[in-house]
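Naming follows writing order (A, B, C and D), and every chain is counted from residue 1.
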Amino acid sequence: MSEERVETTAAAVVLALALAFASASPAAGAQALCEKSQIRLVNSMREIAQPYHANLSKGGRMFARWAGLEGQYVLQLNQGDSDKQIALMRSILATNPKCTVFNVEPNADVVVKPMVDTANQTGAWIVTHWAHNRGMHPFDGYDHWIAHVAVNSEEVGIAVSEQLVAAMGGKGGLVALQGRLDTDPAQKRFAGLKSVVARHPGITLLAQQPANWDRTVAFPTIQAWLAKYGDRIKGIWAANDDMALGALEALRAAGLAGRIPIVGVDGIPEAIAAIARGEMTATVSSDAFYQGSIGLAMGVCVLTGQVPPPQTWAKQQREYYLRTTVITKENASRYATEPTVEGYVDEWRCDKLWSRASGPAY
Amino acid sequence: MALRQAVESRFRAGILSMVRRTSGPLLALFALTIGFAVAESQFATLANLRNILDSSAVPLVLSIGMTFVIRQGSIDLSIEGLMAACSLVFALVVANDRMQFDLGWLGLPIAAALGAVFGLANGLIVTRLRVPSFMATLGIGSTCLGIAMLLSGDQPPLIRDPALRHWGLGQSFGVPNLALAAAACLAAGFFVEQFTRLGRYSYVVGGAESVARLSGLNVDLYKVGVFAFAGLMTGMAAAMESARLGIGHVEIGAGQMLGAITAVVIGGTSLSGGSGSVLGSAIAVLALAVLADGMVFVGATPYMEKAIQGGIVLVAAIVAGWQVHDRLRVVK
Amino acid sequence: MSVAALRVEGLCKRFGDTYALRGVTLEVRPREVVGLVGENGAGKSTLLKLLAGVTRPDGGTMMVRGSAVRWRKVRDAADAGIGIMFQESSLVPDITVAENVLLAHEGSAVRLGIYRWHELFARAKALLVKLGMTISPGADAHTLSFSERQLVEFAKALAVETRTCDAPILLLDEPTSALDERGVATVLQTIEELRTHASVVLVSHRLEEVRRVCDRIYVMKDGSCVGERDARTCTVEALQRLMIGHETGTDFPREAVRSQLAETVCLEVRQLSRRDKYVDVSLALRHGEVLGIAGATGSGCEELCRTLFGIVPPDSGTMLLDGRTVALRGPSDAVAQGIGYVPADRPREGIIGAMSVTENMTLAHLAQFCGRWGIDRRREREVAERWIERLRIVTPCATTRASDLSGGNQQKVALAKWLVGKPPRVLILDHPLRALDVVARRDILKTIRELACDGAGIVVVADALDELLAVSDTLIVMRDGRISARYSIAQDRPTRQTILEKMI
Amino acid sequence: MSPVGPINQQPDSDEHIAIGDRRHGLGTGLVSGMAPVAVLVTLALAISAFAPSFLSAYSLRVLAEESSVILLLAIGQTIVIIVGGIDLSMAALASLASVIIALLLPELGAGAVLGALCIATLIGALQGFVHVQAKIPSFIVTLAGLGMWSGIALSIANTTVPVAEHFEAVGWLDAQTWGVPHAFAFGMLTLGLFQIALVRLRLGRYLYAIGMAERVALLSGIRVWRIKTFAFAASGFCSGLAGLAMVARTSSGSPTIADSLLLPSIAAVLVGGTAITGGHGNLARTLLGVCIVAVMRVGVAVSGIAPAYEPIAYGALVVIAVAMTVDRRSIGIVK
């Protein structure tokens, strides 16, 4: 399909979606399930030593403070241990499970099924992000699985790879730093890169290696590649910003900072600053602050009865792709400063919960 | 005249025995370098040599402290936790985006001193509470990791100090600064090992502790001294890695412990204590760095490296233990 | 009369319930070499350790150059110029000769913890030269030959000289026990040279050497000083008589010596040898016979025991049990063949202190107490109580911890370990009476004879002759790894004097 | 390697060199026996003050579920510590077992579980054999094992391996009947069997004898190498069981799934009162230790204490527990 045709169909889809959301906008006034004082907000994620997860936690805490529930905000970190993430959820549900909302960044795809089952059994509420095993959806009878806010990692991969290829002038060799291969984002983003490379014959993928989402591993890997491929490396693709920044430090050590385009994903403040300085080319932000808080917002709306119970929602309200924004030198200044509550207040309101939905994900 | 000969003979004999003892790791270093150079044309370039020096700087400093500890018959499993805590403290006291400190170069001695304090804790627990060293250091390591997580909070501090960042990344006279720092630490380690009581008595405490006690040496004092010295080196290594990456990171020490132990064992320090030298360990660190770098060149995944390190420690321990075959010797 | 360099009066030391030293009085004059001789267990090494500050006396006084002293640790004795040279090697392999020699006595060679190597080498060189050695102080200790190491140990003891301006006092414990002729000669020659600027206390088994190099000789027996002789005038025989002379009142009643013994040989050994431990040892043990082996430390009898029990394989030679040749790969094979072994070092090798008396007894043959459901505790207790009564073991009950029993009773438990199962074919007892009081000794000897009557072949190794003569049917004497004499107690009636001659 | 010749021979019997035996220790037998019970009670009460329903049936069931994997690891660790060693490779071995089970389940079904358990037991036995025959300290052998097994697990499957079919061969572990989680019941069954073996069987008596005084055991004709190899094999078997329980919980195998459980499982054994120097302790004490560790892990989650305090608590707990229970008489020299 030619370029224009793609544009129009996309517009039509968005219009249809907007109508669907509007019609299904919930009638106010369903009865409240829990008093505000009883509601407990739990943000479950890998750890907070990495900037992306740190922003998730800050977003959640910002929402809790705005909603006056800061006292009941709990942070659960699993240090990259899937079993511990499940264990932490089940153990906290020992007390008042009915009024607990989980906003979960899964450590690995397999974590979603046990956690959702636990929510259903104990009556707790859960919103999951990124991805889960195929073949299960909130609307398949998981009443307590409020929604799955997916991110179309392949789209993200494609978008950021396009930026890299453009910055490389359409030709030359690039190296790729992969994330933890047992997570859907890592696999899908790399698939996106490969499809873009396939479409541009001038671009060759020189080497790829997992660096565990971590800059301390990315640094020596890039150094070795620089030594091996030297100036044949025209671009560096990293599955997340932390690894991209590790690559940047390696380039700085070799005196090449800013001379080789680097792309990453997550849109953490340090990466956006690097883009503003021109040392990084682009990143894709799924807006960690938003991801860290929207799940809790949905939960509060359900528990305070401002929205009807999730099982009555439309399918695309229970599982949708989150709109992501590509950040390049042009719009870097807008995202440079750390966002404040005002930026999200209107998106947390119960009738605007799906403002960033960009299409069904099932 | 006899005096000069005595001194010369010491160093001739000393150096001879040093060379003989480090012949193992030297052989490994040359074999690996030549092997990879043949396999990968770009491997033996100046740039890659500089890379290997740069990536072996931190493990080398760690292996200096570990050599003293293993020579004493003990082990230090607290490296990863200690590095995390010292990295965070270092990042928070120099110019960073979270606290308003800006102590600049003073951050290095602070990180090293903090490492020495944790090392001191290791030593006191082993000597005063008579807890075996692998248990004591496992405990202290875990405690330090918790402290690092507390300090890191939800915003790991980024280091803004340009001088330190240049020190971490830059080069002078074509040699990476961190490699120069590591060489300085090696020189200091060699001086302590060959010219101070702490170094010489670590041979005695490791080789024949009952003789040391009998000769009236304050054995516990030197044991605590060695653990503190190892802690100091670990703190220094944490500062170096933080300056390079520009961040105080909880996982900065991940994977460094097994590498340091492997290097010290290959470097000629027997696990039952009493022998080995920091020079041997340093050469072994270079050999392991060549191996790691070569593996990236060849495209092998980093996971096999961990398995290879485990295998090397085992084989080295078997070879070292083979000579002492007294059927009745009890090994816990 | 010049003040004595070192003088002790009424020195005593207790280990548990036995007296190792019973009031020893002796003195060492400046620039004099004093010999100290006596049977094993006479307290010679214990006395040296008290003088060197390794252990603390339980009574008596010590005077150095006329002033009373009490050592709290080795460093105090060293400060007063008293150096000790132990039998075991105390050299650290990976440091230089100079460091070994001056360990803990570096003095000005190490200032502010920093080694000034040239000064250290100079001081060490001076000491080595003083002992006529040409070893370079810079060489690492592990590159030295065996005799060189022995001489460096000498220099190490002499290093105390640097700590006081007076003449040092050297205590030498069996310096020549593991040396060849050339090594012995150099040691004696070294002691001769030391005489010019130090006083020496020499402990040794080699009476000939002691007589040649010492001025005066003290003879010790059972923890006390039984005589002092001038080395020039007294003969080796006189010394030996003194060492084993008048009875100390612990004569062991000797039942009727059985003239004829069962003919069948239960254990036979032919031309057993093991490098620098023992050479060409052959012996035969009949059922019901008690074979005593006498030998000083270093004579190889202890290593022989360990070989018989399979702990240390021999280099050559064969071993037969009831006529069948056996090759013992380890203690488990020996136990399977019905051999029992009561080690000399009881607390560390004989019994498990933390376990109960019953558990200790049944440890070696536990299989015989296991029913279908694992260990049959009732049967285990029954058998234990039977043997407690049979061996007259004094214990509150069968389940008290072994560490709570007295030395003698612990020894009986270590013995019972081999008796609870089917009767043992061979029992090897290594210094069974060591560190036991007289009553316990007599009791154990009686038990040994009873076991012999039950038909077991028993090998007893000891260095105190009165023990062996009281219990053995035949006696073998070992010296420097070789069997130097064989006696049948009934026929040859060897006297202690003749045995001692063969031992030393 | 420096030749460790005869001259470096440690003087065998220390009798003639009397080394000051500093007899001080924070706990006597009795105190260190009762201490774990006191710690468990105070911890449970403190946390139920924070969260009143902590002692409710539901939360106790979660507690049981939580601790089943640590319980399995702690059983193997106890046996190795009783015989006087330590096994640092258990967690890595459990992860390897989980990867093997997840990979083989589709083809072999229940056979995969047996296969993985056999492999884990063999690896454990190999580590014990090398430790005894080559005279290498057990923590060195198992530290090398930690590196090797996690390296191999990561290179076999550097991703999480979801279990496609035949999950029922493993899934029963994750279910529960009458409110009792199967995994926990399975763990208790294993604990019971091993405790019976320790008390009733000849093997158990030999394990304690070797732990208390290995030299005496050797001279009593016990085949020390065989018993020690068995102890490490049992530890490997328990690692396999832990890997199996992991796969049941997360319906997948992952090369790093159990890595964070090494310290809690060792802490559980030591806090229970089993002495690190060997010979003292049993599985009942370990069960107490596992409860303490589980209450602590849950307590931290429930009471909202910052997650960073958990590693700090482990570090302190391990050091204090060892200091109280180490048997000072038996170790002259602490390296």
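Going forward, a contact is a pair of C-beta atoms (placed from the backbone, for glycine too) under 8 Å apart; a residue touches a chain by one contact, two chains touch by 3 or more.
Computed from a prediction, not measured in an experiment: that's the story for all the values here.
S.K.: Which neighbours does chain C have in common with chain D?
M.R.: Per touch definition, common to chain C and chain D: B.
S.K.: Sort the other chains by how far their Cα centres are from that of chain B and give me the top one.
M.R.: With centres defined by C-alpha atoms, farthest from chain B sits C.
S.K.: Quick check: more C-beta contact pairs in B-D or B-C?
M.R.: B-D
S.K.: Report the inter-chain centroid distance for chain A and chain C in whole angstrom, where each centroid is the mean of the CA atoms.
M.R.: 77
S.K.: I'd like the Å distance between the centres of chain B and chain D, where a centre is the mean of that chain's Cα atoms.
M.R.: Their C-alpha centroids are separated by 29 Å.
S.K.: For chain B and chain C, let me know how many angstrom lie between their CA-based centres, rounded off.
M.R.: 45
S.K.: Between chain A and chain B, what distance separates the C-alpha centroids? Give it in angstrom.
M.R.: Once rounded, the distance between the two centres reads 39 Å.
S.K.: Any chance you could list the residues of chain D touching two or more other chains?
M.R.: Where chain D meets two or more other chains at a single residue, that happens at 2-4, 8, 11, 17, 158, 215, 218, 306-307.
S.K.: Which chain A residues touch at least two other chains?
M.R.: Where chain A meets two or more other chains at a single residue, that happens at 75, 210.
S.K.: Among all residues of chain B, which ones touch two or more of the remaining chains?
M.R.: 149, 207-208, 214, 274-275, 301, 327-328
S.K.: Looking at the whole structure, which two-chain pairs count as touching?
M.R.: Listed in label order, the chain pairs in contact are A-B, A-D, B-C, B-D, C-D.
S.K.: Per the contact definition, I'd like the list of chain C residues that touch chain B in the complex.
M.R.: 54, 73-75, 78, 90, 92-96, 98-99, 103-104, 110, 113-115, 117-118, 121-122, 125, 136-140, 143, 311-312, 330
S.K.: Would you tell me which residues of chain B are touching chain A in their complex?
M.R.: 40, 42-43, 45, 47-48, 51, 54-55, 149, 152-156, 158, 169-171, 176, 241, 244-247, 249-252, 254, 292-293, 296-297, 299, 301-302
S.K.: If we count contacts the way the header does, which residues on chain A are in touch with chain B in the complex?
M.R.: 47-51, 54, 57-58, 61, 75, 207, 209-210, 214-217, 219-221, 223-230, 246, 249, 252-254, 270
S.K.: Provide the residue numbers of chain A that touch chain D in the complex, in ascending order.
M.R.: For chain A paired with chain D, touching residues are 74-77, 79-84, 86-88, 90-96, 108-111, 113-114, 122, 133, 181-182, 210.
S.K.: Help me check something: in the complex, which residues belonging to chain D touch chain A?
M.R.: Residues 51-54, 56, 58-59, 62-63, 65-66, 69, 158-160, 162, 246, 249-252, 254, 256-260, 297-298, 301-302, 304, 306-307 of chain D touch chain A in their complex.
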